[in-house]
Amino acid sequence: MCRWLAYSGSPIKLEELLLKRDHSLIDQSLHSRMGATTTNGDGFGVGWYDGDGEPPRVYRSTHPAWNDRNLNELAAGIKSPLFFAHIRASTGSAIQETNTHPFRYGKWLWMHNGLIRDFNTVHRELVNRIDDALFNSIEGTTDSETMFYLALTFGLQSDPVAAVEEMVGFVEETGHKHDIEQPIQMTIATTDGESIWAFRYSSEGDSRSLWFSTRMDELKLLYPALHQLDDLSDETRVIVSEPLGDLPGAWNAAPESHYGVVHPGTDKLAPFAPSH
Amino acid sequence: MCRWLAYSGSPIKLEELLLKRDHSLIDQSLHSRMGATTTNGDGFGVGWYDGDGEPPRVYRSTHPAWNDRNLNELAAGIKSPLFFAHIRASTGSAIQETNTHPFRYGKWLWMHNGLIRDFNTVHRELVNRIDDALFNSIEGTTDSETMFYLALTFGLQSDPVAAVEEMVGFVEETGHKHDIEQPIQMTIATTDGESIWAFRYSSEGDSRSLWFSTRMDELKLLYPALHQLDDLSDETRVIVSEPLGDLPGAWNAAPESHYGVVHPGTDKLAPFAPSH
Amino acid sequence: MCRWLAYSGSPIKLEELLLKRDHSLIDQSLHSRMGATTTNGDGFGVGWYDGDGEPPRVYRSTHPAWNDRNLNELAAGIKSPLFFAHIRASTGSAIQETNTHPFRYGKWLWMHNGLIRDFNTVHRELVNRIDDALFNSIEGTTDSETMFYLALTFGLQSDPVAAVEEMVGFVEETGHKHDIEQPIQMTIATTDGESIWAFRYSSEGDSRSLWFSTRMDELKLLYPALHQLDDLSDETRVIVSEPLGDLPGAWNAAPESHYGVVHPGTDKLAPFAPSH
Amino acid sequence: MCRWLAYSGSPIKLEELLLKRDHSLIDQSLHSRMGATTTNGDGFGVGWYDGDGEPPRVYRSTHPAWNDRNLNELAAGIKSPLFFAHIRASTGSAIQETNTHPFRYGKWLWMHNGLIRDFNTVHRELVNRIDDALFNSIEGTTDSETMFYLALTFGLQSDPVAAVEEMVGFVEETGHKHDIEQPIQMTIATTDGESIWAFRYSSEGDSRSLWFSTRMDELKLLYPALHQLDDLSDETRVIVSEPLGDLPGAWNAAPESHYGVVHPGTDKLAPFAPSH
């Protein structure tokens, strides 16, 4: 099981969420609390936007996040209003940077926790459905990257929710053809640098966890004495596979088969269903 | 341009050919003499057979061969009657172990110097021709590995020469469809652990170099005082992209559009032509 | 906490003990049973003798052992009558090959589980005591390597037990000068390629575990139906920080403050005390 | 031979000097023009200040700079008013991050091209002279890092020129005691985040090259049509081991046995002599 984190809001240093707190993402990589896999030591990645309209930058490594000095340096040196971070526990494919999340295409980032079951059985059929124009951008061999390029094929850049619904529908349909009962298990985050879409779904209706932080304005009312929140804009949000701390009222579990959108103005939480 | 070496004969320590001599393969990686590319610092690989009928073992790394301590240790610790070694200068694809030669499938090894021109244009069509049963064994994104899996699709394991002829024919045909004038440039070595097949070919009829060492019995007659040859069986052969030393009479260039087979009993050199 | 394994006996493939069994060393690296640290993902090393009188070869990597493909290849390709393996959980110093066990000097190997407490406080005084002739061979910054070079300074190569007793005495004395109450905690294995010496000691008298396998002749009597033991010589022994399996009667804990010697002919177990 | 670059002036993206130009530092790493060593493939490092008074951040890797994707990402993502970059060709010590320049201590950075001759002979005596308070900060085994900690011992942080003069004097004196005729060869750059000091010296009076870019105000007068200079402040300077381009009038060689200081206000060029 992988773990991930997505941040949107007032520009902060990456280390604030990756390193500094109890239950920070790096801390989680060593000590799983809710995860099925013991350890997330199979590489990690960080993708961040500068807020200047440029495509995101990505730093990925095959070393465990907890002992990568360069990650510490970068996390202290880089400030960003929107970033993704992911720590990997491989479910089989090679440990190499190109298999490490977040994946990037143009201004989009994508990361995933979960798996496509019996991926070897359906891999080729899934790849065959990817657009010719996208094919050469595939660099690795993971199920997660395949899902990304399928979603791009299905229009991620114009209608993200519809594209992910179609991608999941196609994966399920392909799996069922091969008698795979529960073809997909996922929490996914994707972004174009302005909004973040996060999805929680699994064929078996028992998906891995997905949490949204409470809106900052509400959180500040709840904890007026917590001055580390003062500098954060009301719209600041964190989306995670597992809560980063134990503050009561700070984290809200996304319901089964739902997705959320975080973007300036209004956020949204709505049911998610694959389109068949 | 990459460089490679294939050895067959009396079991020797890998370091004899990889490290110890002037113009050893590692020495070549730092100082090109005949190559187009300055430096082979984009990873390396070694594949070797134990001589016990087991599939070959492969050690591959993304570090430059000249500064990899583990390579030094292994080359001193491993003795083999048949091994391949390859040093890479990337022509574009990612620097990762899965893009590093030699590639392995079952008991077969494959390594390549050269390129498929405009690979991005033909990549998908080439991949589409690969057998379903082989598809999931592809781990990287290089033209070289694609050529290997095409050759396997065309029967490498039963008739290697015919399979490589068909592979090259298919690559040329696919390239020509897209107005690529000279689709392929290659020297290739492949082995099943008993024989080695080495190919020299390019669409433009101006292929990179390929050299076979002179038979040991002849070489011993030529240099009776060279006692380092004493322990080597008469059938010992080295095949290389560039000669390892300057001994007159020791190296024989393969002619343009030819292939050679090295195996116990008789060796063979014959013309090579793609089958269309 | 680190973990390690030392083997002496009939030549076997490294993978037999590193990879193949339940509770193999690699399996332990992911799931600690008796250890204080959750995960041994900070690199690993293997040192082995060919049995030809040559110095040992060492393969060390900063990647987690469980996801290093090259380790799998080597462990399947290398057979040895005497080898060491070590998986690291850093207690602070940098994750780099030169900080990875086993350490080698000439024909000697050394590996350690434990620590010198407040190492920063005593580091320089300890280093100052190392022989001039040895100083330039130090490549890393760990307490473990410092202990090795102190032991070499105190005559490890002529009288290993006396040298380790003097090393531990010197470390304790130096620590006490700086009001460090319990300066050292250790299990150590060292070898010259013929015998293995293993030590269990800590200043607090509560040392990490050390286990010796039961002599093969006794084990065969105990388990006549366990045919995987048939090929192993009577003198075959494994020494480990944690048992590799649950076979009753197969593993014997070394008592507190003891050392054992494994060598052809007679083995030995005796009390250990630092010399002051 | 290593190569390095130091920049001070208007904040720019690192990629401007590391990657984008002909004869950029990365380009130089593959194709030496003035260097003695063919290839700088033994790792690289970048150190940069954010301009907010914080200590510098350092990104170092053992991969060749030319194929490190993360370096590309960072160089495009990080903007800095003062940064160092270094590409390494090892003269013997291990290829590991802790042997990679620039070295950092507090707010100081240090990088070096050259060597201490017969370093193994004088290593220990040099290390013995380093302050106790600094000893535990030494992480690697290079002559370059030893020079840094000696300079720190001699007061680098209060009077950099005097400290480097004393360091060089001490290295020469120690070398001469051991009949090493020409103990040191160096170009060095060091900075506290505000000023940069660059030194050119060798015992043999034939030092490796050191170049200062012409002041921007003069360069703008010389090339009024070169609009890429428009955004750079008049005080912007680049100091390099080898010129980054062929613009006549842009680069000025430092004379033998001289040092230069670049800092807001006045720059300075003055003779350098070791203090004995």
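The letters A, B, C and D name the chains in turn, as written, and every chain counts its residues from 1.
Keep in mind that, in the parts below, contacts are C-beta pairs under 8 Å (C-beta built on N, C-alpha and C of every residue); 3 or more make two chains touch, one makes a residue touch a chain.
Note that this is a predicted model, so its numbers are computed, not measured.
Visitor: Same residues or different residues where chain B meets chain C? The copies count as same if more than half of the interface numbers are shared.
Guide: Mostly same residues: over half of the interface numbers shared.
Visitor: Could you state the distance in Å from the CA-based centre of chain A to that of chain D?
Guide: Between these chains, centre-to-centre, one finds 40 Å.
Visitor: Please list all residues of chain A that touch 2 or more other chains.
Guide: In chain A, residues 69, 94, 97 touch at least two other chains, as defined above.
Visitor: What topology does the chain contact graph adopt: line, ring, star, complete, or other?
Guide: Chain contacts: complete, every pair touches.
Visitor: Which chain B residues qualify as touching chain A in the complex?
Guide: 94, 96-98, 120, 123-124, 128, 132, 135-136, 138-139, 141
Visitor: Looking at the complex, which residues from chain A come into contact with chain C?
Guide: That would be residues 30-31, 38-39, 41-42, 62-64, 66-67, 69, 90, 94-95 of chain A.
Visitor: Could you pull out which chain D residues touch chain A in their complex?
Guide: 48, 50, 57-61, 69-70, 73-74, 76-78, 97
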